[in-house]
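Below are structures written as structure tokens.
Paired with chain B in one complex and with chain C in the other, chain A is shared by the two complexes that follow.
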Partner chain A sequence: MNWKRYERASDLNGALTLLDRAEGTGRVIAGGTDLVLQLGQRQKSAELLVDVTGIDELRGLCASGAWIRIGAAVTHREAAASGLLREEAAVLAEGCGMVGSPQIRNIATLMGNVITAQPAADAAVPLTALGAELRVVSAAGERWVPLEEAYRGVGESAIDATREVATEIRFRRPGAGAKTRFFRLARRKALALPVLNGAVCLWRDGDAGRIREARIALGPVAARPFRARQAEACLTSDRITAALLEEAARLAAGEATPRTSLIRGSEEYRRAMIRLYLTRTLWEMLDIG
Partner chain B sequence: MDHGVKIRMKVNGQWREAETTPDRLLIDLLREEFGFTGTKKGCGEGECGACTVILNGRPLLACLIPAAKAEGADILTVEGLTPEQGLHPIQQAFQDEGAVQCGYCTPGMVMTAKALIDENPSPTEAEIKRAISGNICRCTGYTKIVAAIVRGAALLRGEAATTPAGVDRERVPQLPPVGPG
Partner chain C sequence: MNEKSCCEVIGRSVRRVDSQGKLTGKARYAGDISVPGMLHARVFRSDRPHARILAIRTAKARASSGVVAVLTHADIPGKNVIGQVKPDQQVLCAEKVRFVGDPVALVVAETEAAAEAALALMEVDYADLPGVFTPEEALRPGAPKIHEDGNLLEEHALRKGDPEQALAGAEVVIRTAYRTQMVEHAYLEPEAGVAVFENGRATVWMPSKYAHADQRELATVLGLAPENLRVVNTTIGGCFGDKVSLSAGFFAALAAVNTGRPVRTVYSREESFIATRKRHPFRIDYTLGASREGRLVAAKIDILADAGAYSASSPTVLFKALIHAAGPYDIPHVGMKLTFAYTNNPVGGSMRGLGVPQTAFAHESQIDLLARKLGMDPFELRLKNAMRPGSVTATGHGLGDSVGLVETIERVRREVAAIGTPPATATKRYGWGIASMFYGIGQSARPNPGRARIEVDEEGRFTLFIGIGDVGQGSSTAMSQIAAEVLGRPVEEIRIVAGDTASCPDSGVTAASRVTYIVGNAVHMAAEDLLTQMRDLAAGFLRSAPGKVLYDGKAFRTVEGAGRQVSVAEVVRSARQKGGELCGTGVFDPSYTPLDPETGQGEPMGTYAYATQAALVGVDKESGEVEVLKFVACHDVGRAVNPKAVEGQIEGAVSMGLGFSLSEEILLQNGRMVKPGFSQYFLPTALDMPEIRSLIAEAPEATGPFGAKGVGEPALIPTAPAIVNAIHAAAGVRITDLPATAEKVWRLFRP
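So, the complex of A and B:
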């Protein structure tokens, strides 16, 4: 037998109490599309599963003040269809629309996409570019964890799902003047993990003016969604030229650390694809040419 | 049974209850306890879509859902879609278009199509392809499945299908009925 108890929590305190009493043998479950398989294959274990998807306060996706807040029970389908995200953070809606398959997107949550800690995760990569952070609650209290610090390694989250409940993702609304875009390379257009995915957010002053801030997140080119900081710094410039974009893409291909893989191709190929896709995406976003 | 739990859900319009282990998956409960073997287990790993059922209005994979998660849910399987007499228009369209070969993917395809058409009665070909992108068929090459869903949607809108069916029934030899005796 696998898990021995399945409880559907109706409020956050109830969930925390259940986990606390289980003393490390309980585990949070949301959509479960990864976890159920991992439990079945004995990669993870739990005596008690605490389902948090019925908790009302985890269900919202909304703008509040300067932030966009996404509850831990929000699914990829909901995010991909959200008018708010399409309008203000299209990169996230686009990424969420690429996760798994329609059936998976109907139940799998964005929070799960982060906690499952895969470097290729199509929702976590845009969230990284958006500078998201997670609210994590346990019996001991509450903390905010920047997304980039939410990883221990491939498939290993810094959130301890046996004791903590990650309740919410939030990021600052990109605001007027921001442009965001997602790109993805995979062997097929559906049901295929990405060979490369990326999220770009640019903030510009004025119409053709300088780039005030750039954020680029790439996956799976390192052990976690990867911020190409050299490329970002290079793009933060007054003079936006084709040469600048190409230089930024070249830097990103250099600072990422893809490895030769039977599934994803050689290191050289993967670096070449980073350069190609990033150049293309930046050209399209900046309308140069 | 050790650690037996009672799980109740509405399947194909009727409340049903089973006593089972807490780690039972929905697919096994549907097939083995409730006898709805129309729902197929292909990969058992969320990759193929053969186990698609409609749960509270959405197509989901029964092989990835703990039965306990579906407690109280309203579930439709291919058996619930099929009328007492004859076929549901989507099933009819699959037959008319010759969209079934081995048939293993068909219940999942039909349920995915049903959920799509419920939401979008006139789906475009692109929308259909996106909707069935999580349903793998190893036989047909999908062309006839897409045609069948176009046709099924037309039938459900009360329109006579405008394009002739892919299969000319006159020319297909009719098999003798299967059954005892």
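So, the complex of A and C:
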């Protein structure tokens, strides 16, 4: 293995101190399911790995006032099994349940799924739809970063894991009247990155059927989890009809930018699948017809 | 052979002899072996598909920390050539590289990390040559030559009757072009080998499907007499047809002989994908003619295969394809042409079914299309034309009595009817597809003797020696069962030594589903031979005639005089006192006649296995996604030596066939593999597996041990066409190009 030291931090200050002393040669590790491979293949480097999964304050997954807070050490298994998420933000529990295999879900963290910055990430896509933000702490202080601003490119996070610790993910509780749902198309039923995944969150007003707000996140159809904003705007409407859903799905397929890939398929197919899966998902969520 | 009605061990699902070691982690794979003072060797491989080597500069790698040696072609003590059928491949390339992954040098270091680091310091100057990446390009006039004598590796024809005339007169003709993809064996174990060289003698521990052949080939490379090279088969972590010739053990041995120190080589998964042999991609142009009543009258089949950069086992694959490409049907007129071309792609090797899964995809798709055109039930059409005792194959081989095809079709038909087909939903359509096959057991039209030896010690304990290791299919268990049955002992009391060239006879290769039939016969003969020797001696003791001596597994006694008996141990001790060793030997080589080089006519195999499989699939009419929900497989294995092991073979094969039909494909861009490794190579997972109903048919083979034939490859052969035919039944579209990815199916839905 091409790192020299591995330290398990017991508190946040300790982790920050270790990173600070390493002067850019240290790196935060949580589940490590991506990072260890990347280190092995020399896509990333580190002299010192600072394991943050033993820090108590990073462990919680809870509702707190208007927010749901997820600590940086929370695993996909914990999120997939969380009663709170199943009740209030099912899209995230569903997405987390699709990642890799049980072994990977037992160790990989949601925060890692964001920091690894893959546009197909099954936790990051629902978090994008949920409007999540990240608390990032460094020696210089702390800041909140909206999830959509946490990406610099494919595989490249805006969070500098050599100097900063992302401690927490939070998003507003969707609340009553919200409905959320995840969908996914992959080459096999487990252990496969998706050809397409998506998260839909809808907020409706009363019984009138009006959609007050819609958020749709898709992956991997752009360099980062992609918000289909034209489709969202289209759906924000007083009159929900089948034609409206189909129009929204058509817009989403048009505004996403999937590329032809030998493994994931042609651009044409991938756009068609965005349209198909989104139509189906909206249809099921809105229960019309 | 005898068809005993009182078998104690044969036909029973005894516990596998290898299960405890594998389940407890005690089984030792080659990568687990560690020898004090051991070095680590890594192969430096070409990153060019086709290039002339101008210079190999090793100085920087040699100077790297921990590096002991960097070996090139100049360091090969013997002959720098391999190729078990046609010697056309170098162990370490000297003048030219012919595919991405061709070995150029060997870095030997104190640690794996040091070897790995030194690989990055290797410098090779290449002059790139134009690459050839399809067999069509390869055979075009003026194509860049991959080998001196051109790109045509092998070409053969078959002619039975007058196919052209028969097709011209056929009432219904179906002509379709099929393509199959390159796939990877994907064994779980990383390939590895460990070698020690002392006092002019080398020992190599490695997984091998044919230790004696590896011994002969590697000895010439190392410049050793074969008796100075011992190959010891380690626990094999999956084989699926590969694992012979130029494996990790070859490189470990080369490094050990050069450095004088023990050496281990372990391939990374990525290296395994890039460097090892693959299933040949086929293009098949298939014309099938029939009468309006559904009687097959003629088939004309053109096959073009991508053999990759070297010949490896291409000739073997070609002949298996030729013998079977017309399918398990009695067709009076058949014409075939098979052409194998070199390309700058990964090397085509042996893989479960040896070309027959490819041809079965074509002939079973054709039969299905014909049934549709005629409006006939696909079971009925198959039954109408199915091989029966006395039928004549495409090579003109008149079949004997062990032809259980009709039973397999009928039983699968009943099972499918009992399960039924789910009704269509708003988005999903369901359908069953079926496919049949026949498969010749053993190597085609050439000698392939199997040998076995059984010894007994002074405690009366038996040890079976066979040259073949268990590749995971359960051969050591089956062989032990056969010996145990004859010797009247429980399986666990038969010790087995398998695949050690120092002590085991050459049993031939673990391939072509030949082990149970051929080596099993040899084991049967060896056990009978030993029993006869012991009985003769016992008769002397008991002052009786051998014919009047009874054996109960532990002792011999006379038929008449109760109380007079002599134990096996006493017989052995007495023989030894007289300077004799008791040892039973057996050799079996199925009879055959060679194939005529012009017409491909002959009787190439000792016997054939038959099977029918059916798949129930659900197809999403809008996304093209296919899900296999249920699977029924019925196999005529002659006699199931171990029914659970037969089921295991079937279930494993369904998984493999599912990948072949729906998801697995080695993707190449100009000879370079796209994302080599497991993460982007879609082997089916447990969640993708359907519920499987395995049915065993037994049409006993008179020349087989207790009537047994084989099942290893047959289990895989009909799987892909059954699934593809099911897609057609469900969704009305025909896939002719494997794998049937969701996108391909979706495209067929579009106008």
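Brief remarks follow.
FYI, the second predicted complex is superposed on the first by the 287 of 289 C-alpha atoms of A that agree within 3 Å, B and C clash if a C-alpha of one lies under 4 Å from a C-alpha of the other, contacts with A are read in each partner's own complex, and residues count from 1 in each chain.
Please note the rule applied: contacts are C-beta pairs under 8 Å (C-beta built on N, C-alpha and C of every residue); 3 or more make two chains touch, one makes a residue touch a chain.
These numbers were taken from a predicted model, which means no experiment stands behind them.
In the superposed model, A:Met273 makes contact with chain C only, not with chain B.
Of the two partner chains placed around the shared chain by superposition, chain B is the only one that A:Thr33 touches, whereas chain C remains out of contact.
Legend: residue contacts after superposition of the two complexes on their common chain; A:Asn106 is shown touching chain B, with no touch to chain C.
When both complexes are overlaid on chain A, the residue A:Ala243 reaches neither chain B nor chain C.
By the touch criterion stated above, A:Gly265 is placed in contact with chain C alone, chain B being left untouched.
In the superposed model, B is the one of chain B and chain C that contacts more residues of chain A. Once chain A of one complex is fitted onto chain A of the other, the partner contacts of A:Leu191 extend to both chain B and chain C.
Of the two partner chains, chain B is the only one touched by A:Lys4; chain C is not.
The residues of chain A shared by its contacts with chain B and with chain C are 101, 189-191.
Those residues of chain A that touch chain B in the shared complex are 1-6, 8, 29, 32-33, 36-37, 49, 51, 77, 100-104, 106-107, 189-191. Against chain A, the residues of chain B that register as touching in their complex are 2-3, 5, 21-23, 25, 45-47, 49, 52, 58-61, 64-66, 68-69, 71, 112, 130-131, 133-136. By the touch criterion given at the top, residues 427, 622-623, 625, 663, 667, 669, 674-675, 679-680, 682-688, 741-743, 746-747 of chain C touch chain A in their complex. The touching residues of chain A, when paired with chain C in their complex, are 101, 185, 187-193, 195, 262-263, 265-266, 269, 272-273, 276-277, 280.
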